[in-house]
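Below, each structure is written out as structure tokens.
Two complexes follow with chain A in common, the first pairing it with chain B and the second with chain C.
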Partner chain A sequence: MLRAVIVLLISLLAGVYLAGRRASPRPRPDLRYVNSSDVHTLDPARMSWTQDLRLALNLWETLCACDPRTLKPASAAAEFPPEVSADGLTWTFRLRDDGRWSDGTPVTAADFVRGWRRLIEPGTAADYAFFVTDYVEGAAEYVSWRGEGVGVLTALSRLAEGWSIDDGQALVLATAECAEIVRRAYAEATGNVAEPEAFSGSRMARAALPWGELHRRVFEAHAAELEAGFAKVGLEAADDRTLIVRFRKPCPFFADLAAFPVLAPMHPSVDEHRERWRGAPLTREGLVAYDSRWTRPVTAPDGAARPVTNGPYRLVEWRFKRSVRLEVNPHHRDASRIGCRSVEAVVFADANSALLAYEAGDVDFIPTVEVSYDHAIFRLAESGARPDFKLTPLAATYFFNFNCADVEVDGRPNPFVDPRVRRAFSLALDREAIARRVLQRGDRPAATFIPPETLPGYDTPEGMPFDPEAGRRLLGEAGHPQGRGLPVIDVLFNTSGAHPVVGQAIARQWETHLGVRVELRGKESKAFAEDKARRRFMISQANWYADYNDPTTFLDVLAAGNGNNDSGYASAAFDALLARAATADGPEARMRLLREAEATAVMRDAAILPVFHYTSVIAVRGEVEGLHPNSRLWFPFSGVTVAR
Partner chain B sequence: MIRYVVRRVGLGALTLACVYAVTFLMTVSVPGNPLQSSERRLAPEIEAALRARYDVDHNGRYFLQLLSGLVRLDFGPTFQYPDWSCNEILAQALPVSALLGFSAMLTAVLIGVPLGAWSAARRGAAGAAATALALLGTCVPTFITGACLLLCFGVWLKIAPVGGWGALSALPLPTITLALPFAAYIARLTRVGMEEALRQDFIRTALARGIPDRRVLWGHAFPVAFMPVLSYLGPATAQALTGSFVVEKVFSVPGMGQHFVNAALNRDAGLLIACVTVYSALVIAFNLAVDLVHAWIDPRVRGEAAA
Partner chain C sequence: MKASLKDATSERRRSRLSGSGRAAIAGLALMALAAAALSPWSAAWYDVQEIDSAVRHPPSWRPAGDADIFLTKLSGDSVAVRAPRMTQALAGSRSLLGHDDLGRSLLFRLALGMLVSLLIAAGATGTATVIGTAWGAVAGLCGGRVDQILMRIVDVLYGLPYILLVILMKVALTRPLTALLGGRTRYADFVILFLAIGSVAWLTMARVVRGQVLSLKHEGFVQAARAMGAGPWWILRKHLLPPLAGPIVVYATLTVPQAVLQEAFLSFLGIGVQPPLPSLGRLAADGVSAINPFSGYWWLLAFPCATLVALLLALSGIGDGLRRRFDPADRRPSLLG
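Moving on to the complex of A and B:
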């Protein structure tokens, strides 16, 4: 019997193995690098993770490129520099005539408009939609018109399904504003002004009104206006090779933004994947949505390889949680000159295993070495014992947000509304000790928000010194000598990585220097994000990475009403400085104003408490040439050669 | 017998429904926003529209939507990896975990049973050594064994790849790592069962009749001693099949274990429910299979089952 069981098991094993085996193993790629987790999406418009953007950067070619050595903008799909009008508000990009998609067709200006439009559409829910909506004329208005349309259509389709307006779960209708919009839509569509009560009494609303019919009419009207609405956005494909962008305020760094992969062009074939409802290219809720599988490498029925991209590489394989493989795009202008013909990004969920694979020669490149013994890696890199470990200061800052709101969420008075209290806490922090003695991995102590010497042309202000005596004095002036009268200080942090260690070190310092009591509240990432979004904290941990090479990538975060302004800091003086900088005469005056703005927010008002600027260790094997470590971990592979 | 099987399958379906309901309740009651994938925040009307699109803004509807998907075996979209559906993710991960799990269980049985039987038969130093080995297997966590094996065979000897999946050479290291704790437990069960069996009267009778030691051990005592091991093999196989987070992480094996953990951390309800359901279904199926084998081997169980 035992023999029978063993034979059965072995044949089962063989069966499973044969079923799971890949048909034909591909040869080793020229360059194989480590992704710490799998790619979230390969749709450039929806990207926000570094590992996704790194692939997009090599798959798509944007208007400009970012030189990995200098981080300065350069020519890519368009000629460089673009033609800028005297007032700085109209930029004309002239596309190069040798731009080709991976199916051989030319890249046109309309492809860029298509890509950028997808980026700002509400259904895309893109993190980086603000690249267009903040600067391009009419874009914010278009998005808000679309957002309102989506809100109303969502509400109406729910009502048509029999939901009640009062349904507390129906978020869309939970607000009085939305009910008001629905009421207006109803009045517009039917010519009747319905009684407001009809929209508050749930049963009546359901019975009295023909919601399905109303939804259909609003949907058709909205769909009919779609193109006319978008025509007001300052994006114009004047001809196949000319893209005109009109701005609502000067954006002198737009060439930097135009190098970011979210602003990639889109091939017309992507529109085949659009969802449709009642003949219009929208969902029932009015969203522009795509069958998200369009990014998967397949051969279309007509024999063409999809997805169609215009960068130096094309996507040939994506095995979920395993690897993504790129090969040279044969139609790219530099195709014959690219030394690295194939690239594979392999997933190593465990950073220690990734480093072992690197040591064994299975992979050639680790963009960020993050192992549990990273202080040892740092020492190897710093001492030069391992020249392949490259110490790279990043344009990224680890900081804490002070809750600047008048009262706490639970209604108690918030001591940190007083800038003197915030400054006292910032002065009483020995950043040197945290970076050098606690973390010991090469991070630079941060006295400012913007990391010095990472953004070209910007000179960071003096910064917050370590002066516990001044801190105690300030705390006394604010009415809390020796911390008296202060509640227990609630510090919210994320329990992953090194955050708890930093939290403990900081709590200890404040207890010693200011005599306050600190309670650390560690939460798992998602719960942490929720508490942070609802501002349930006095002090909360945060970090920020530069998206482009301009100080505004950091400073905009602190502007009043910015979606990422977690501290709730709102200062008229700071906002005015940002506004003045936007219209400043010449780059030097602009940088001076931005410097003043940073000094206002970080030193005078202490809206945030910078702790350190990140430093990364990049591991590149000796055979690989042309991967230039830079402060934004920006790695185009087309300039890489591998000697093997 | 058929009635017994039908009843067990029915009970299994009921258990599955309970597991689904409890998982769902837990998923929607923990704080955290599944639609928020990065640091940046969505505009409120967009978030509302997306919630409506995925039906996550109404627990009752969401419950029914996921349940109907479950019945149709279509687990819907994932929030964290929008380019893939839950079904595609499972279709990629399950065969990987199944291969690893089966080979690990086979290895565990082939190591554990002889080790346990041997340590029961031989008291003294040899038995103690076998016990110590089994204890070691239970105590040393898999991330230590895994890392040690990687270092020895992957980096120093270079006879196995460091992580990755697809070639046969990638199989042995994770298999051994995953098998060791199971092997240790099986060894302990076998040893206890064997010691118990060897004290029985019929063994003494068999020995008295002059049957050789080896035949008494394997022919008479072993079938009795194997029963507890068999009971353990059901849930253990299900557990091994659905992957181990640690082993998968250390060896970069694209299996199911990591999806369990990540789906929970990301509040990815669809994927989490898909994982839990597959796991529960396997546990139920393997327990049933083990009970049937029991009945086949042991007439007394068969008698109870028929009653």
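Moving on to the complex of A and C:
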């Protein structure tokens, strides 16, 4: 018995040793960089995380590129600049004839239409769908028509399977245009006059109607109209090389948007993964859905590598929660000139261990060093002791939202409805002290919402000064001299990172300068996000990063009804200025109006309280050339060379 | 109760506290006294920020920053104003333990933090003792189905991870308590924290008390009282609680360090007291970022942790000494050797 165990143990050990020897060490890529968490998705239509977009911008080539040094749009898949009609509403992009997919086939205008359509179709659409729906003619109408169809088909497929539906779904059946036959059948079967009130979820579920048959008829009608419906959207592939985009309102910064990876083209091969039902390329509920495995790097039965991409790199490996590996796309026009032949993104959940790996030489590049002691890193970068730590001012702002809504906080009157109170709090904040003395990591004190000198052509308005005396005066005018009559001010903040320290410093300043009492309410990220979204705060901490190089990427956030407008600020004057800017004559007039809009929201109304504009430290090892620090942390790897 | 406690102590007067127990009591008394004596000043100064002059200033004999900021903050505080020389001396020693990210004196934050931790621990221990004793006594005395139900509830609560219970308590109590305290979340947090810790710590107490009651209720004197027509409340008060006082005091003492540790743990996770109010756990959590290869703000971690360790050792030493005192049969070596 004992001998058997010993033999077994020895053979096991030998097996482990041999297995360890067989696995050759993984080849070192030319560039290895740190991802702070695993890739969420590699489907460009669904992306909104920085690390996903960073991979996408290297995997796919969009119509325009964004030069990492100047952040100005440049030629990529299409020739630059595109032809713009006199009214600014029709843009014609001519694709370059040397654009190739990673399987060697040419990139066509139809591929772009396919990719952009995925961005707005119910089922594949996500956070950045507004890039198309806000600007492209007919896109919003198409999406709402499709959404109605999906609502009706979802309700009918539930009924067909014998489930009940809720009253909201019943209301869709009562009102949707494509549900006309359902209403008629329902009226016949029940004798109801088909008034919307007669459509309650439970009553419909009880009605003995041929739901399966109705679902089939609505589905077939909707699927038959699908292409005709999309034809009304202002996206047209005139021929293989010409893409015509028609806008509903002028979009002078569309070349910037067109460089954003969510507007990537899609190779026809993705449609192999598309779900179909009854021969139509839709699910039973009318959604456009893809098997999410289409982004996995595999070899298809025909020997071609999937997914097929048209950027300088192609995807060769994706190890879940560990790493993603890219290699040069051999068919790309610059394939032979690219110095960095392989790239690996490695996941380091802990920023501290990422920095240790960098120090040990295991990784070459950290896109943002975010450790709790970043002031120490900043000092090394600033003093020049570590030239590989590069200070990078970002187009991003740390600010506080005032609750501007009329609604009450916890049943008590909300003092911040009065813009004078908001201005008083904004005036009584010493931003210089927060940025330079408390955080000490190079952030720039922010007097405005939009970081100055990051957006070309935009002249920042004069910001909110630090003037506690004026703040006290304003508070007195608003009926609260020395803070009398104000409740305890409730400040909501996120407990991660440096937020608590900033919150405490700000609270202290208000107590000192305004004589108010401040209470801090720190919440862990998820609870914080929920409280913020439900506007359960008087003042809450927030930040915003620019998506594209135009002031509207910031200002749209403050428009009434915008999904990201957490302060509930709704000003007719501000919205009117944005609307006028959208149709303004010439870029100068437009920028002037936008400048006026920012001054209205931040200075006159003090809807938000800007604190500082972020500065980030990026770490690039000395042997890596060509990663240019820029305010959007935009890093194409095709221009990188590695001396090793 | 008063008389009965005296009985319990007089009976065992001869068995003395061990030397380590006495050392622990002395240590704890010293720390608690120092914290309490400093409290008027630490309460006034724990949040005085000197972001102009003292951010992350290392420990030193000479004060960093501007003494005037400190002294102006005190105008109106009676204790400090009555002792101007003491105030001057303390303001001069504020850099002894260094300063934190906002230039606040770690000495005063630590003094107040220890007081906060001790208060929460005392509150939690009180809650645990009251609930645990009542629960265990009722279960033991009634027996039968009542005992079964009560003790199964204890078993179920034992099985649940305590952190979950604490979070649930916090979620459930925050709103009503905040409303009750006139919207002052800072005090509500405080009360919730010790209620939450106390409401988890009573489980052991309930088991101990029940076991004792079960064995005592069959003793002759209880039987005799019952034969004379005494009701259960009378028996509990006059015959069961006096002999139980010993074990209850021991377990209560051992609960205090547990509660300190749990408070530290919860504050470390961010669900304890809210900043800027310090507690030992909060201070340690804030200091953790001091461990890294690039900067050495060691004092932000070292002093809170050292204080926590000293406090826990002293409290455990006292509990251990008391246990040995009340239980002469126990020959296990004492905690501190």
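Keep this in mind: the second predicted complex is superposed on the first by the 560 of 644 C-alpha atoms of A that agree within 3 Å, B and C clash if a C-alpha of one lies under 4 Å from a C-alpha of the other, contacts with A are read in each partner's own complex, and residues count from 1 in each chain.
Everything below uses one rule, namely that a residue touches a chain if its C-beta (ideal position, glycine included) is under 8 Å from a C-beta of that chain, and two chains touch if they have at least 3 such contacts.
It should be emphasised that the depicted structure is a prediction, and the values quoted were computed from it without experimental measurement.
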Chain A residues touched - chain C or chain B, whichever exceeds: B
Which of chain B and chain C A:G151 touches, first, second, both or neither: first
Which of chain B and chain C A:A187 touches, first, second, both or neither: neither
First, second, both or neither for A:E524, with chain B first and chain C second: both
First (chain B), second (chain C), both or neither touched by A:L380: second
Touched partner set for A:P500, first chain B, second chain C, both or neither: second
Touching partner for A:A238 - first (chain B), second (chain C), both, neither: neither
Contacts of A:G123 with chain B and chain C, given as first, second, both or neither: first
First, second, both or neither for A:R508, with chain B first and chain C second: second
Which of chain B and chain C A:L356 touches, first, second, both or neither: both
Residues on chain A lying within both footprints (that of chain B and that of chain C): 352, 356, 359, 524
Residues of chain C touching chain A in the complex: 47, 49, 51-52, 55, 101-102, 183-186, 270-271, 274-276, 288-290, 292-295
Contact footprint of chain C on chain A as seen in their complex: 352, 355-356, 359, 371-373, 375-377, 380, 410, 412, 433, 437-438, 440, 487-488, 490, 495, 500-501, 503-505, 507-508, 519-522, 524
Partner chain B, residues of chain A touching it in the complex: 1, 6, 9-10, 12-13, 16-17, 19-22, 25, 38, 40-43, 46, 48-49, 122-123, 125, 127, 147-148, 150-151, 154, 157-158, 163, 167, 169-172, 283, 285-287, 289, 292-293, 295-296, 319-322, 346-350, 352-354, 356-357, 359-360, 362, 524-527, 529-530, 533, 563-564
Contacting residues of chain B [partner chain A, same complex]: 30-33, 35-43, 45-53, 57-60, 77, 80-84, 88-89, 92-93, 95-96, 98-99, 102-103, 105-106, 147, 150-151, 154-155, 158, 161-168, 171, 248-252, 254, 258, 265-267, 297
